[in-house]
Amino acid sequence: MEELKTRLISDDGIRCDGRRLDEIRPIKFQIGVLNNTDGSAYVEWGRTKILVGVMGPRESHPKHLALSDKARVEAYYRMASFSVEEWKSPAPSRREVELSKVIREALEPAIFVELFPRTSIDIFIEVLQADGSTRCASISAASLALVDAGIPMRDLVASIAVGKVEGKLVLDVQDKEDKAGDSDMPMAYMPSKNAVTLLQMDGQITHDEFIQSMELLKKGCLEVYKKQKEAIEAHFKGAISNVEEA
Amino acid sequence: MEELKTRLISDDGIRCDGRRLDEIRPIKFQIGVLNNTDGSAYVEWGRTKILVGVMGPRESHPKHLALSDKARVEAYYRMASFSVEEWKSPAPSRREVELSKVIREALEPAIFVELFPRTSIDIFIEVLQADGSTRCASISAASLALVDAGIPMRDLVASIAVGKVEGKLVLDVQDKEDKAGDSDMPMAYMPSKNAVTLLQMDGQITHDEFIQSMELLKKGCLEVYKKQKEAIEAHFKGAISNVEEA
Amino acid sequence: MEELKTRLISDDGIRCDGRRLDEIRPIKFQIGVLNNTDGSAYVEWGRTKILVGVMGPRESHPKHLALSDKARVEAYYRMASFSVEEWKSPAPSRREVELSKVIREALEPAIFVELFPRTSIDIFIEVLQADGSTRCASISAASLALVDAGIPMRDLVASIAVGKVEGKLVLDVQDKEDKAGDSDMPMAYMPSKNAVTLLQMDGQITHDEFIQSMELLKKGCLEVYKKQKEAIEAHFKGAISNVEEA
Amino acid sequence: MSQRIVPTVKKRQIIELADSGKRMDGRTLTDYREIKIQTGIVDKAEGSAMVSIGGTKVVAGVKFEIGDPFPDIPNEGVMQVGAEFVPFASPDFEPGKPDEVAVELARVVDRGLRESKILETSKLCLIPGKKVWIVHVDVYILDHCGNLIDTAALAALSAMLTATMPEAAVEGENIRLTGNRLPMPITGIPINVTLAKIGNRLFVDPSLEEEEVLDCRFSVAFKENGMLCAIQKGESGYFTPEEILRAVEIAKDKSQEIRKKVVELLKLNDGAVGGS
Amino acid sequence: MSQRIVPTVKKRQIIELADSGKRMDGRTLTDYREIKIQTGIVDKAEGSAMVSIGGTKVVAGVKFEIGDPFPDIPNEGVMQVGAEFVPFASPDFEPGKPDEVAVELARVVDRGLRESKILETSKLCLIPGKKVWIVHVDVYILDHCGNLIDTAALAALSAMLTATMPEAAVEGENIRLTGNRLPMPITGIPINVTLAKIGNRLFVDPSLEEEEVLDCRFSVAFKENGMLCAIQKGESGYFTPEEILRAVEIAKDKSQEIRKKVVELLKLNDGAVGGS
Amino acid sequence: MSQRIVPTVKKRQIIELADSGKRMDGRTLTDYREIKIQTGIVDKAEGSAMVSIGGTKVVAGVKFEIGDPFPDIPNEGVMQVGAEFVPFASPDFEPGKPDEVAVELARVVDRGLRESKILETSKLCLIPGKKVWIVHVDVYILDHCGNLIDTAALAALSAMLTATMPEAAVEGENIRLTGNRLPMPITGIPINVTLAKIGNRLFVDPSLEEEEVLDCRFSVAFKENGMLCAIQKGESGYFTPEEILRAVEIAKDKSQEIRKKVVELLKLNDGAVGGS
């Protein structure tokens, strides 16, 4: 409790973990980390750690859920029982149900679903450790898992959150800032399409702060996007060198 | 608690809400109150308030539940979480499951189910406020919703309850009388067929009281029946005048 | 609590219920005890009382669970709410789920499943009173119910448990010995095939004790096997005399 | 989709036979099948009974548990009645499926016991407002050959009438079980009688094949003093009021006959428990 | 498998009509349908409201219950928002199916109320760290003709604003209800406004037929002081950032218009509750 | 309906190869695949470990929670083991389906830890009879390439052995966390070894393709002192008693080999924790 009373932002605009207001945390993506999926990715985003596996396109089951004109996309966002401060029951909470829905809706616009009628694409997300922005990290990693699965995409979906802490807008809120802060606003964005596919906000901000937040979110998404592209490059370079070795 | 100790019936046979022993509460039926159903009705029965919507006859889902020789009738009796004194969890209680069953069995004999093989007729009942006799009000209103859905009926099903309070048989028990009383006996009845389609009893009564109760119940059902018919007349008069206006 | 401190085995090797170390409890099998099954059996094994009913081979439901090359065998082990010291909720516990699985796997190797492709064989077990070794009693009685259902079997499956109590190996542990004891090791066995179809162990034993236990278990299974055969003989003798009477 | 051709033929046979006062299994219209009661079969339960009516078999067990009272009756114990269909009781039961039939059965059995007020719940209080005895009465349907309600009600009743309760010593907030057993605070023998209507005839204690073709069902419970204490009409047919009055008349007689049998089979001291 | 041929034709019509600033039901792109609010309809609830926007109808009820506080905020009451889809509200709802749509709806309504901090939960504490008031706010969807979020949010708000709370006398560990009613510790009128994007146009308060063809949905709640207090983008399409900025502008105006209506319909003393 | 033609061919190949002492992936019949252990990967958990055996990967986490003791052991903490199959671990897992395989896995892992008595639950008591530490040990299957039991058991063990526990100061009825960490009250390194029977041969640490054709499975856990502390035969085939004796011999050797590896990988002080 005492910890929360200490200031989260210093006079020279440095945050409790040493970042500037508009600085994102260290983000490390890894592609192709699982053996039994069609595509997978792992992300460490500050202390947040998430695994994503994609199955599909594959036959819909049960069949009556299949769609005649496009693939059915489902996302399952789950938190491991030990991923948060207090032990969490493995039964999906209402929060996990809602996040599964908005994550699916953030990713589906990027997928050429019309190419795979009557099939299912399932995106399974397991949060191993949660330290804020898990939905942003999930969406960003899931984009890479979809690429790894060879599913044609309109663009990568990059995602990040802006918060308001001690009256200032800060990029990429971590857990401590989220809990002590006044608002949290995650966005998912396809840069090359200028398309916002997720936007949520909790807390209170002025109209001006909202407009500034949108700018900051775009900037942050572009940084995440850059890291996503680097991860893809590294992965395929690895793939090519594997081929050469063979 | 104190309230319960005060007498519920005065020396001249007047009940706590001013009614005579064989007097029913004010009942107000309204037909055709919902936009998305095939038929609907709303009833205010004293303080009891119930909405009923009928869907069907429509394709059975899942299909293997369809019956080859008649429509499948289902009733779903549910109480809103705020309809009773103590907040009620929205998960169906065992009481709601049983009442759904007996309400279905009270209504099905009135429906020409054999005209609609392989289809389903679903009767959805939502109790907004419960003040006694909710099953009777539900059955009576559902009959009107079935008529509104254009489903051919053998007769309307009218329903009412008799209770034993302070040693006397009283018609149309409200909640306070039910809780303090010695018995509750609801009946559902098709007057033109002389058919009892629901009969239950809780509490203790003598054989003689049972025989008297049956008489009182028939009388009460006839009064409800009259109000049902008036509601239909009002509704169709409205429908006709709507046509004339058009 | 005091009871547990008293010794469970006397100096001359007599157990608290008067048995010798390698002596099984009185076991009484009865075949063909239910009216609505294809086969059934009842066992009283000391104070343990269990009813088993077999349905099948019959059409698999739902159909997509059917196997193209053999019958699908399922076992359902359930304990009545009043079968144990403390009232038990009727919802299946994790223990009941696991026991259903190992019981199925103990019985399936005895059944000529390849003779009945696309069908289901369901084994329903209801423990009316539990006093130790309920899985052994269930498997042994279920073998008889399968025979009663006319299902071709490679052999009967006989089952019993060995425990370690006060440093000594004892055959056919009852509840009191199980709770105070150091280990419990149930085995299921087809004598004519020399086939172990179930083996589990809780607790701690040395390698030597394990080897001795295996011997003791075989001996015990043979005694159960003998009682199973007697029950079959008695049942079919009864059946024949019924025929003669007719 | 279900086929109803065979039942229609069977129904005609049953009605024709009934015209001469007979039934498929040789009974008259008002005969019960043979009733058997075996008590104390589960000695780990505080009370238990295996009851059969013809081929229908139900086992009931009574268990005591310490728990919290309901806020509105803080000084009374709680009785909870449950019903489980063991899947081997009938080819139609599926394991694990929650079933409105089981819920109705449990609630009808519950009302028969509760409304007859045979259990003095005030004697089940341990610490007023805080701890009371919860009495679980669970019936397990083992074999379904018709008339589950009467069989289950009789099993629950027999288990209750022959149960004992644990003695508890209460010291302040602590509850200690002495290990002694006390008699159940119970009086009265409510008996439930069920009739089926097929065509326009009433059949006491319907068999499974009668149930498969019935129009509707009527169950009524009587106390030993002749009071009615629970009624349940079931299934999607109807009775005329006259049929109901007749059903109650018949059931009243049958309830006395069965109560006599229960007293005899359970060797009840007629004066102590439920003197009629 | 679902067929999408009709929606495609309908979508073209809706877009073409929008080009001339019109909608299928005659509204302009920024018009709400008629809003009706009826409060106090369930007098057994501490607060209740039936709200309709066009044909969409939602009833909300507020109930108080004594319960345990969350360990991390031991001196504050708890607000719990639930949403239920009554199956007669739409042919697409199945009874008993847990639904992500209902979960999202409940959580969006919850956030609109919670983040605007209109409820002073510190005034709902009974025994610090031990007992607090739980305030249940449940919305029941009765008729679904489009824009459930705004209708449900308005129903929940109206029920809250017109609720009273029970007075409790706390003596040591005992809580006694006096029977008196106290005003709700509530201030503020957060208003949620939803827009649909169809083609590249924004439609305020989408109707059901508009929802069937929309690309995506945007909901934003405003406090009376102009602060944004909740946002939710929904469905599997996308907005450009510019569209979102425009949607917020439009919603800000509409929220003031609706707040005025709420004050008027609920006859709120503008100063006491949520002075703008 | 499932097809079994491919497995039959594969089974023959596996058996033929085994005749010359080899396996599809180049191992001998008694070789384990490569074992990797990474601990402390979830620093929000009191203990955690990611363990892989070949391509099979399991993560385990240990969390402490304050809760109520069991009435029959009022002065001891409680260990609860859970197993979850993350759906991306295998195309055969469906999300949300309760699964007897997961239940069996959790219970086998639980017994391996519990029966070896490595956790001194008496040191997890906070207020005797009232409050104790609940230790949640949850294993999540991330990648299923065969031999889940050994991988999950090793993950749970590694998380337990490297966990610390929170220090609590108890004053009367109040429990306050000091923020300090204490060592886990744990001793011993029980190791589970699984063998598959295919044809009449035993395969240590079966791979997924071996599991797809196995007759049955045998798992046994050994303590460091050579005591057996848990056995589980699985799947619908059978062993002869002689095969079981041989399996136990092999497993005993393998358990020592793996224990050495665990001590090395976890850098355990051999004396402090589980000296052999």
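Letters are used for the chains, namely A, B, C, D, E and F, taken in the order the chains are written, and counting of residues starts over at 1 for each.
As a working rule, contacts are C-beta pairs under 8 Å (C-beta built on N, C-alpha and C of every residue); 3 or more make two chains touch, one makes a residue touch a chain.
None of the values given here were measured: they were computed from a predicted structure.
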item: Chain-contact steps, minimal, separating chain E from chain D; value: 2
item: Smallest number of contact steps required from chain B to reach chain D; value: 1
item: Centroid-based (C-alpha) most distant chain relative to chain D; value: A
item: Selected from B-D, A-E or B-E, interface repeating C-D by over half of its contact pairs; value: B-E
item: Per Cα centroids, the chain farthest from chain C; value: E
item: Centre distance in Å when chain B and chain C are each reduced to the mean of their C-alpha atoms; value: 52
item: Whole-Å separation of chain centres (CA-atom averages), chain C against chain F; value: 28
item: Centroid spacing, where centroids are CA-atom means, of chain A and chain D in whole angstrom; value: 58
item: Chain contact topology (line, ring, star, complete or other); value: ring
item: Ring of chains, enumerated from chain C in the sense that reaches chain D first; value: C, D, B, E, A, F
item: List of chain D residues in touch with chain C within their complex; value: 41-45, 48, 55, 57, 59, 61-65, 82, 84, 86-91, 94-96, 134, 136, 138, 140, 142-145
item: Touching residues (chain side chain B, partner chain D) in the complex; value: 64, 66-69, 73, 94-95, 97-98, 100-102, 104-105, 108-109, 118, 183, 185, 190, 193-207, 210-211, 214, 218
item: Sites on chain D touched by chain B in the complex; value: 1-4, 100-101, 103-104, 106-107, 111, 115-117, 216, 218, 220, 223, 226-241, 244-245, 248, 252
item: Chain E contact footprint on chain B (complex, rising order); value: 34-37, 40, 47, 49, 51-55, 58, 61, 76, 78, 80-87, 90, 92, 122, 124, 126, 128-131
